[in-house]
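Listed next: structures, encoded as structure tokens.
Presented sequentially are two complexes of chain A, the first with chain B as partner and the second with chain C.
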Partner chain A sequence: MGYEAVKESFSGGVFPVRIGKEKEEVFGGENTLPFHKFEGEVPNRPLIAYEIQDVAPEEWPETVRTVYEGVSEDPVKWARHCEEELGARAIALRLVGTHPDGKDLTAEEAVKTVTSVLEAVKAPVIILGSNHVEKDSEVLPRVAEAAKGYNCVIGKAQEANYKTIAAAAMANDHKLIAMSELDINLSKQLNILLTQMGFAKEKLITDPMCSALGYGLEYTYSVMERIRLAALAQNDEVMQPPMLGDVGMYVWKIKEVQAPEEVLPEWGSVEERGILWEALTATSLMLAGAELLIMRHPKAVEMVEKFVDELI
Partner chain B sequence: MALSGVEIFKLLPKTNCKKCGFPTCLAFAMKLAQRQATLDACPDVSEEAKKVLGEASAPPVRPITFGSGEKAVKMGEETVLFRHEKKFVNPNAFVLEIRDTEEDATVEAKIDAVLNSEINRVGQLLRIDGICITNESGDGGKLGAVAEKVATKAPEVPVIVNTESPEAAEAALKHFTGKGAILYGVTEGNAEKMAEVAKAHKATVGVKAEGLEALSALTEKVKGLGVEDMVIDGGARRAGEILEQNTLIRRAAIKKSFKALGYPVINFAQREDGMYEALVAGLGVCKYGSIVVVSSAEKWKNLALFTLRQNIYTDPQVPMQVEQKIYRIGEPTADSPLIITTNFSLTYFIVSGEIENAKVPAWLAVMDCEGLSVLTAWAAGKFTGAKIANFIKESGIEEEVSHRELIIPGYVAILSGTIEEKLEGWKVTVGPREANAIPNFLKQKVA
Partner chain C sequence: MLVIGEKLSIIAKRVREAMEKREKGPIQEIAKRQAEEGAGMIDANIGPAEDGGEELMEWMVTTIQETVHLPVCLDTTNYGAIEAGLKVHNNDYGVPMINSTSNDPERFSMLELAAKYNCLIIGLTVGKGGLPADEEERAAIAAEIMARAMEYGVPLENLYLDPLVLQIATTQEQAIKVVRAVEMFQQLNEPPMKTVVGLSNISNGCPKHIRPILNKYYFLMLERVGLTAAIADAAEMKEALEEKADFEKVLRGEEIEDREKMVVMKKTIDVIEGNTLYAHSYLEM
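Let's turn to the complex of A and B:
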């Protein structure tokens, strides 16, 4: 019996999402499993956004903090550095400074930061809150309004605060990240709630919640694969937005990226270990279906881009 | 092709003697069709039926053992395409390449890197599983010399001999007779001679062709030469091709029971940049590679790749967990601190590891939360004040320690009130959130 390739084609596809104003980027849009170019269309490569913050990244481990020394005290300088020196295709500005347990910066202060960053760069900007449910629903509507016309991504809407955040994203023509907690049903339910309030499913980005290599990666990986199969094989429209892997934040807090080699000689160089950890988490999630990634270390981003070149 | 239950039934003795443990031959046939039973359970099956059924009921990806003895690695036997459907069965092997053109010192250093690659992570001992000796020079004598060095220095490590020359193969393989080595480099052109060498040394064969059609024809040819155990390579080297071929091979084996591709896959991930290479190797791990060959084995890279393999190959239904009990870390006395956590393996190993780092002997109370992490267990209502109080009372720890102080994870500080309420006479101390702060915390505590 001769060999016959078992190819699969699907009735469903992932929505392409276009973001940015002066410079646009598109991600998603494929009608096949991740990078399965041999049996479907993969029109766009995944988009990697460089993560920056409204306040200096004191909590980032040395490996990734030192590469931004001299620019990271000022979000505008930081954003420009990413775009001009590192060639960032997108910027993800995280407003951690607004968290009530931290600097507790006000919505006005956040608006100031956001507008000055938007004016400073051409690349599309993803605007993220501090992940504090109440504070985000105070801050994100204000910054969404200030960013009107820039076609940004706003995030993240969660079950507990999606209404206010989605309303603001909708009123100001932005895309929206919908985050749930590592469960395909929760993720589907949140997307349904959002579309029921009139938010276009073509403007959503699903965040099934990230986890780092060694710290629950297998859960994120499998939830992503299941969401993608639901989108393609079952043609389930609410599961068809592209997916986010918020990689940097989850990777750069674990022990493996911080423990010095002197303490754990069997783990080898902490610098290479950290960079590879971020890159490998990102590529694994891309193979499971993530199309938008938020990352921190330039060397990790560079390697992931090179890997995508080899895949596409 | 896979047979249906009824087709299998027709081949069975039809006596319903129950010796297989099933009430009827038909019931047994149904289980065979679902791969939930094996044919050897029926003592009366005819030789002819055995032949037909053996072919059909064999796992879609042939089981192969690479190496021998304690370091042997099992491969193949996979049954699904996605890990959420069912656990991936046999974790891939990582194999370090040594080329016979490399200098002696490099060869020695690489052998050492393999021998010293063992890392303990979450209770599992992980390592670079094998060595691939590549005949870059084209000279059999050189390959033989490297083989001898490997056989002497690392006699237990499984080996791949990578050459297309039967003479060079003989010069190298003679050092690994009967040791479950793989002879990779069998092509359309050299198959007959290579099969002879492989058979003489009881080696598995690694076949190599350009494209999957040529590959299937070649595996059939090799099988016709009397070699059953194979690993296969369709020539993919770029990441995109590796993804394509690995996927199509796995699909053909599982969805079509296509025997000619029902073998473990070998992927070559070597790249100039050792760090970048890890991303290509990671593709092999995620997407169906059974052997992933790398060119360097730095400790940081090993740790990341071993961790990925561990993640991808865990059971998606059952989190890895440890037994509920009071663990002794170091040699605790009646005054030593008492710490509580959940029985998710990762949580247990991280926390116990940090207590060890602190060098402060302690009692670690590990509570059964169905293998969930601290916060997940708390969110799922399995790590509550009442349940913790109960567990502590029933654990017998009150007889072991003279104090009445319980240290709880910082993330569940909110539980301290309820625990103190339900556990009379006890005081709750909230520890740090992240485990890496435990050493300082404990040192200050006992100082």
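Let's turn to the complex of A and C:
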């Protein structure tokens, strides 16, 4: 008798999410564990979006900031550079300048930035707030309206502000990121609340909150893993949206990507270290189930894409 | 099934104030109501009671037993307070219970009291370290507590093993493990070991309206595997037992007349068994 591999099949699947207007991208859609092509359908590659900002990335560490020198002062140039030079399949525009503790840019200024970036690129755009609960619920509805017709992803809706943000995303036909803080039950609860207000679960993206390698990655990994198993094995519909790994912002602030070689020669090249750190965090989360990743360093993105090439 | 009325707890504001002012009225009223609702024992939780615990427990026991002719479950970590309570306890109304000992050496002395006063005692299956991971860890700790009880001269029939119920909202996977632990504990001895749970902790942190639902059906799941006693809301447990026949049917996959109740039972069973992921709105899905 010949050998026959045991195959696991699941009753549930992940919703495919299609974003963008001129150029569309689809992620999610599989009915099996990440990259288990031998057990089910994995119709789409994970989508990696290049992160850009509405203001110059002064707080980014030098090794990733210098990569965008000459373009990062202007979000339009920056977006074009990512698309045309780096081949970005998607752009994630973070409106960090709207944060009240930072430049405190107004919703009008945010609308201007968003509109000009949308006009400048063909790739789908993910529009992120500054992660300030009140300011986001002021800014995101306005930019969602301005971006109508572009089929963007808006984020992030949290327990404290989901109603206004979800209503705006719904009214303007966008997809929505629902973020909870590393708690699988609260993640499910938020998705239930969103669907109860009429937001289609097929248009959601779950963000269980990211963390960098060495800084609690295993928590994110475990929550993602369990969300995916609930989606597949328990056929839990509110847990079936694809998941986001917001990798760049969590990686590029830790000491391991910044400590200079003069101080810690045994840690090796600071540039290489940062790239590897971002790539490893991203690949780990992809293995846990993330289908949408937001990243910063082009070399890290390149590594992750290569990794996907081999798995898919 | 022995229901130990949980309501006389220092955590409740009204009870705490009555304890502080030594006002018998509210204490006796709550004790009486629980007795009417079917409690066979009254828990008196005075907290750690580091100052004046002895006098407070004495007062609680006599205040309770003045109105209800039931035994008291003495609930504190204060050794002196437990002994003071045992001394004044009227055993004509039943044997008192110590809440509790565990596998933590600091709590072994409670076994001394249980032996000296020949009373019942709860053995919480936790050690000094973290919480037990599953039913097997709980059973291993239970075996150690049993050995310790025998060493101190406490008859095993006086020991009630408590697997420690955890919150379903944060540690869902523990809910079914506790049910399995209650099954396992009984097999540790012949005649079977007695078991007890602090039931309402299952729904701690859940929205108010779903707490009684989780409490009742979790209680029934434990009851059917042979739970001996529960520190719980006596009114809820009474309701639960009235729903027992329906609940058994739903568990077997049969239909019951009240469709709405059937759905609630099914969803709650699925959450307890871990077939669906818990969320505060799990009933609305």
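Everything that follows uses one rule, which is that the second predicted complex is superposed on the first by the 308 of 312 C-alpha atoms of A that agree within 3 Å, B and C clash if a C-alpha of one lies under 4 Å from a C-alpha of the other, contacts with A are read in each partner's own complex, and residues count from 1 in each chain.
Note that in this section a residue touches a chain if its C-beta (ideal position, glycine included) is under 8 Å from a C-beta of that chain, and two chains touch if they have at least 3 such contacts.
Computed from a predicted structure; not experimentally measured.
Look at A:Gln234: by the touch rule set out above, it reaches chain C but stays clear of chain B. Of the two partner chains, chain B is the only one touched by A:Leu217; chain C is not.
In the superposition on chain A, contact is made by A:Gln196 with chain C only, not with chain B.
By the touch criterion defined above, A:Leu311 lies against chain B but remains apart from chain C after alignment on the C-alpha atoms of chain A. In the superposed model, B is the one of chain B and chain C that contacts more residues of chain A.
Touch criterion met: A:Asn185 reaches chain C, while chain B stays clear of it. In the superposition on chain A, chain A positions 226 are in contact with chain B in one complex as well as with chain C in the other. Chain A makes touch with chain B in their complex at residues 1-8, 35-38, 213-218, 221-222, 225-226, 229, 253, 255-256, 258-259, 263, 265-270, 272-273, 275-277, 279-280, 283-284, 287-288, 303-304, 306-307, 310-312. Across the interface of their complex, chain A is touched by residues 169-170, 172, 275-281, 284-285 of chain C. Remark: chain A residues 183-186, 188-189, 192-193, 196, 226, 230, 234, 236, 238-239 touch chain C in the complex.
Listed in rising order, the residues of chain B touching chain A in the complex are 82-84, 119, 121, 212-213, 215-217, 238-240, 243-244, 247-248, 251-252, 255-256, 258, 260-261, 275-276, 278-280, 282-283, 286-287, 298-305, 307-308, 310-312, 314, 316, 346, 350, 357, 373, 434-436.
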